[in-house]
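As written, the chain order gives the labels A, B and C, with residue 1 at the start of each chain.
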Amino acid sequence: MSVDKATVAKIASLARIKVSDAELEAIAPELNQILAWVEQLGEVDVTGIEPMTAVIPNTLRLRDDVVDADPLTGGGRGDAVLANAPAAEHGFFGVPKVIE
Amino acid sequence: MTDLTELTVAAIRTGVASGDFTAREVAEGFNANVAGAQNALNAFIVTTPDKALAAADAVDADRAAGKVLGKLAGVPIGMKDLFATHGVQTTAASHILEGFKPQYESTVSQKLWDAGAGMLGKLNLDQFAMGSSNETSYFGNVISPWRRNDGGNAALAPGGSSGGSSAAIAARLCPAATGTDTGGSIRQPAAFTGISGIKPTYGRCSRWGIVAFASSLDQAGPMARDVRDCAIMLEAMAGFDPKDATSLDLPVPAWEAGLSADLAGKTVGIPREYRMDGIDADVARSWEDGIAWLKDAGAQVVDISLPHTKYALPCYYIIAPAEASSNLARYDGVRYGLRDLPDGAGLQDMYAATRAAGFGAEVKRRILIGTYVLSAGFYDAYYTQAQKVRTLISHDFKNAFTECDVILAPTAPTAAFALGEKSGDPLEMYLNDVFSVPASLAGLPAMSVPAGLNREGLPLGLQIIGRPFDEQGVLNAGLAIEQRAGFVAKPDIWWK
Amino acid sequence: MTNYRIQGATGEWEVVIGLEVHAQVTSNAKLFSGAATAFGAEPNSQVSLVDAAMPGMLPVPNRECIRQAVRTGMAIDAQINKWSRFDRKNYFYADLPQGYQISQLYHPLVGEGRLDIILDDKDPENTKTIGIERIHVEQDAGKLMHDQHPTMSYVDLNRSGVALMEIVSRPDMRSPAEAGAYLRKLRAILRYVGSCDGNMEEGSMRADVNVSVRKPGEPFGTRTETKNVNSVRFVMAVVEGEARRQVDLIEDGGKVVQETRLYDPDRNETRSMRSKEDAHDYRYFPDPDLLPLVLEDDFLADCRASLPELPDAKRHRYETALGLSAYNAGVLTAEVETARWFEALLEESAARQGKPEGEVAKQAANWLMSELFGALNRLGKSLETSPVSPAQAAELLALVGDGTISGTIAKQVFEKMLETGDGAGAIVEREGLKQTSDTGAIDAAIAKILADNADKVEQYRGGKEALFGFFVGQTMKAMAGKANPQLVNELLKKALG
């Protein structure tokens, strides 16, 4: 499969990365080269093989339903959450106005 | 008086504990080295000499008060700038996180501070750990302290992504540092700079607070001058963390105490698929040396087969970018980091502008690949296929480990290359991870130890891969090589 | 009801409805972090570093959320998948800090299930089975506010990461009423199970309404999805309005486009939500931060053992074991609070009266449905805020049961209980309302009434037996309602000969 500029533009838009036309021109062949290379995986016979789910056989551990048991994963720390915000007002994060 | 910055972690720990010197003297020595090399090597993104001194003073005070000292008491270390450090800028070497000061400390760094270590600074790396040469850092590339013996002064790559860590240790700016390894980011830079580094079994070190690249592959590990120091560091870094759902709920073994270079009764596998056409002659020779050393240490050596080796790299370059494309979606200019808000821009425009301005070219490339392979209609052909091939690669290792206890291979196909030499061709750069990626895909413990110098006078590393949870076997084989390789070379200090 | 049809210019149309209900799981902490889930907190005060998607943060699932979803699945008789996974749904929006929602696409926790809806309250045996395709567990998003600042929207992440169950029905509903009945029944089950408080006003439960139309017997038409509809009434309105819109559109030569729509309750209409149209490639893939979720048999057994008696079973038991009418059983079991109140009343009544529950059930049911519901309606209160407790009510019913007061007096006593909060016995005592069985006093009253109404006595004796009720009424009146009615009957019969 080879990707054209329009496809790259669509992917970039999905990934929310603004790319100029000149950048598209450069990126498309690079992606094609890489994709052509990874496509050799298609030649591997994977009949009956399950996709890897856990690299070290292990299952999901569950947490107890306790609020703020560990301050590192609990709430009640609005200051820390907002400390690095580019725009924070009245305890909210600010973003350009969204029309829904 | 001895130059304290020439000491290993073990020696510093012992010296501080016995009062031969103070932790403050050690910290001052390394602080001076860091400051002296910063312009030339660019190994650190920020330096934190005061933190190093404060930690040292606390250790000295504890010692004076007769308190029990931690495993790393008085040892100043470098912290890869992928670990969140409370109140200290954490960037992943990306413009998009410039100025970000976490209000939390990563589990691994916290464990190190709890063990008495101090922080010299945040080490440079490839942006978001994506790279093998440190050339993708927004804050400029790290220069390896090593130079070729051809009289030229070509600036060499310290490897990547943990290139700040490797350069700093080789240049005696710190006795040890943290690294992270997603496809070889601890082992390859260690090999390039003549130091040791170990990536433990996936899940040994908590990923909580480490900026994520590819979640199913990322593992933290130590980098240091020798095997013992790696064992000491790893003991402090590892351990179960309930905040990481993939963390292994296992006790941390006493790796340092378990060190033994006697490999009698052990079998070492040599994977025939790693003997690739056109392999660098010096690399091939050092591999032969390694085989001889391990035999000398009492091990039996057998040929093994890892049939899917050639598919490991393409498999990795689907899975890692796919995970990264999603992991890096949070850098959107809303809650932290860079925000680029062009005049009149809406929310979605702000995202696109912020991410265009904030991410470097390699990061964008991988996000785009990852986005593509996950997109509608391509998911099964790329991602599902890659995860199936990953299962096969993992099976290869499982089969191999029925015949051997550890596997010996080169760490990288070449010694360090010059900056700029491969950065024009992404694919050629990716191929540098050919020997390191398979163990990452299988989540296995693997380490690189120095094996000697090539004809150009540059270090070469040998890689030992072990069974899941068998860091001890890996460290012991590493120690056997270390004792026989007698690697004492170090770079000339040309930067002062 | 099942024959609901939309009359179009080209004939009759049938509407096909599927509902995706998002129900907030009842839990103290969020799905993947330890932040609280309480409603109405200060902005960003219930947000952990994990919920804000700070670099390096990782999700660890809350066992209670999984348990509640499994119990819910069991309550709708669904397949519980012992092996499931979490996937990431990738899209960019300001209320989604991670840039992806952790959800379950490929391997949901709960598979195929069903529930029965009652098509007519008066005929509870007439049910229809609605298929449920799956229940999966996922994170809620944060909240955007658009009216606080001239050029900015504000983001509050308190809801970000709260656990939701998405309950996806089959397209098995064929009318607004069926959609409404399904949603009410589902809500009732969730509340019985205790896995969701069902509070639609606070957003604990909301529905995405999938609607398409077709000529009866033809294949499914193209559907639209109206998002986040937050009441039963609105869901019914959306179905009705959207079906009408689609029929008109098709008959005008247009085509229904598969799209996301938004309901505006003020105008009672839906409109296309173009802002979401761009992002339809969600690039789902298994969340590499989370391992497969494998449920142990013990866990499943505990989930099952903790399930309460569910509405259908309860209704059946009320009919067969307690002898209630199908209608009464239906009303008393429709909401878990009613059933709880009723059962508390039943238990107290049986104990006080020393009878099996089956013998006091009708009395309790009738009193609850007429007297108590009537009073609560009048007072604008609910069972939760009822001024009279089941124990107090049982005391009142026991006084009727043992003949201490008559049913008529009981009504008066109940009014006093509501006014004063006093116990029934105390009121009866204080007000002297105790029913009298003093035959002398009753006979005296009867003698006077017969004397005063000699004409009517004549008529009665002449065969107009309907007048008996008149004499009873007069006697009761004369006795101020306190005479034992049975005794009054006996004595009157004797006196009238």
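Keep this in mind: contacts are C-beta pairs under 8 Å (C-beta built on N, C-alpha and C of every residue); 3 or more make two chains touch, one makes a residue touch a chain.
Small disclaimer: the values here were computed from a predicted structure and weren't measured.
Of the two chain pairs shown, B-C and A-B, the one joined by more C-beta contacts is A-B. Chain A has the Cα centre that lies closest to the mean of all protein Cα atoms in view.
When you average the Cα atoms of each chain and compare centres, the chain farthest from chain C turns out to be B. The distance from the centre of chain A to the centre of chain C, with each centre set as the mean of the Cα atoms, comes to 40 Å. For this pair, chain B with chain C, the centres built from the Cα atoms lie 58 Å apart.
In whole angstrom, the spacing between the mean C-alpha positions of chain A and chain B is 23. The residues of chain A that reach two or more other chains are 14, 16, 53-54, 58, 60-61, 63, 70, 72-73, 77, 80-81, 87, 93, 95-99, listed in rising order.
In chain B, the residues that reach two or more other chains under the touch definition are 100, 103-104, 208, 216, 242-243, 245-246, 325, 329, 332, 334-336, 347-348, 351, 371, 375.
Residues of chain C found to touch two or more other chains are 49, 52, 54, 60-61, 92, 94, 153, 155, 281, 283, 290-291.
The part of chain A that touches chain B in the complex is made up of residues 1, 3, 7-8, 11-19, 27, 30-31, 33-35, 37-42, 44, 46, 49-56, 58, 60-61, 63, 70, 72-73, 77, 79-81, 83-87, 93, 95-99.
Considering their complex, residues 14, 16, 53-54, 58-70, 72-78, 80-82, 87, 89-100 of chain A touch chain C.
Listed in rising order, the residues of chain C touching chain B in the complex are 49, 52-61, 88, 90, 92-94, 97-100, 153, 155, 278, 281, 283-285, 287-291.
Across the interface of their complex, chain A is touched by residues 27-29, 33-36, 42-52, 54, 60-66, 85, 92, 94, 144-146, 148-157, 262, 273, 275, 281, 283, 286, 290-294 of chain C. Touching chain A in their complex are the following residues of chain B: 99-101, 103-104, 201-203, 208, 216-217, 242-243, 245-246, 248-249, 308, 310-311, 314-315, 317-318, 325, 329, 332-339, 341, 345-353, 355-356, 359, 364-365, 367-369, 371-373, 375, 378, 381-382, 384-392, 394, 426-427, 430, 441-443, 468.
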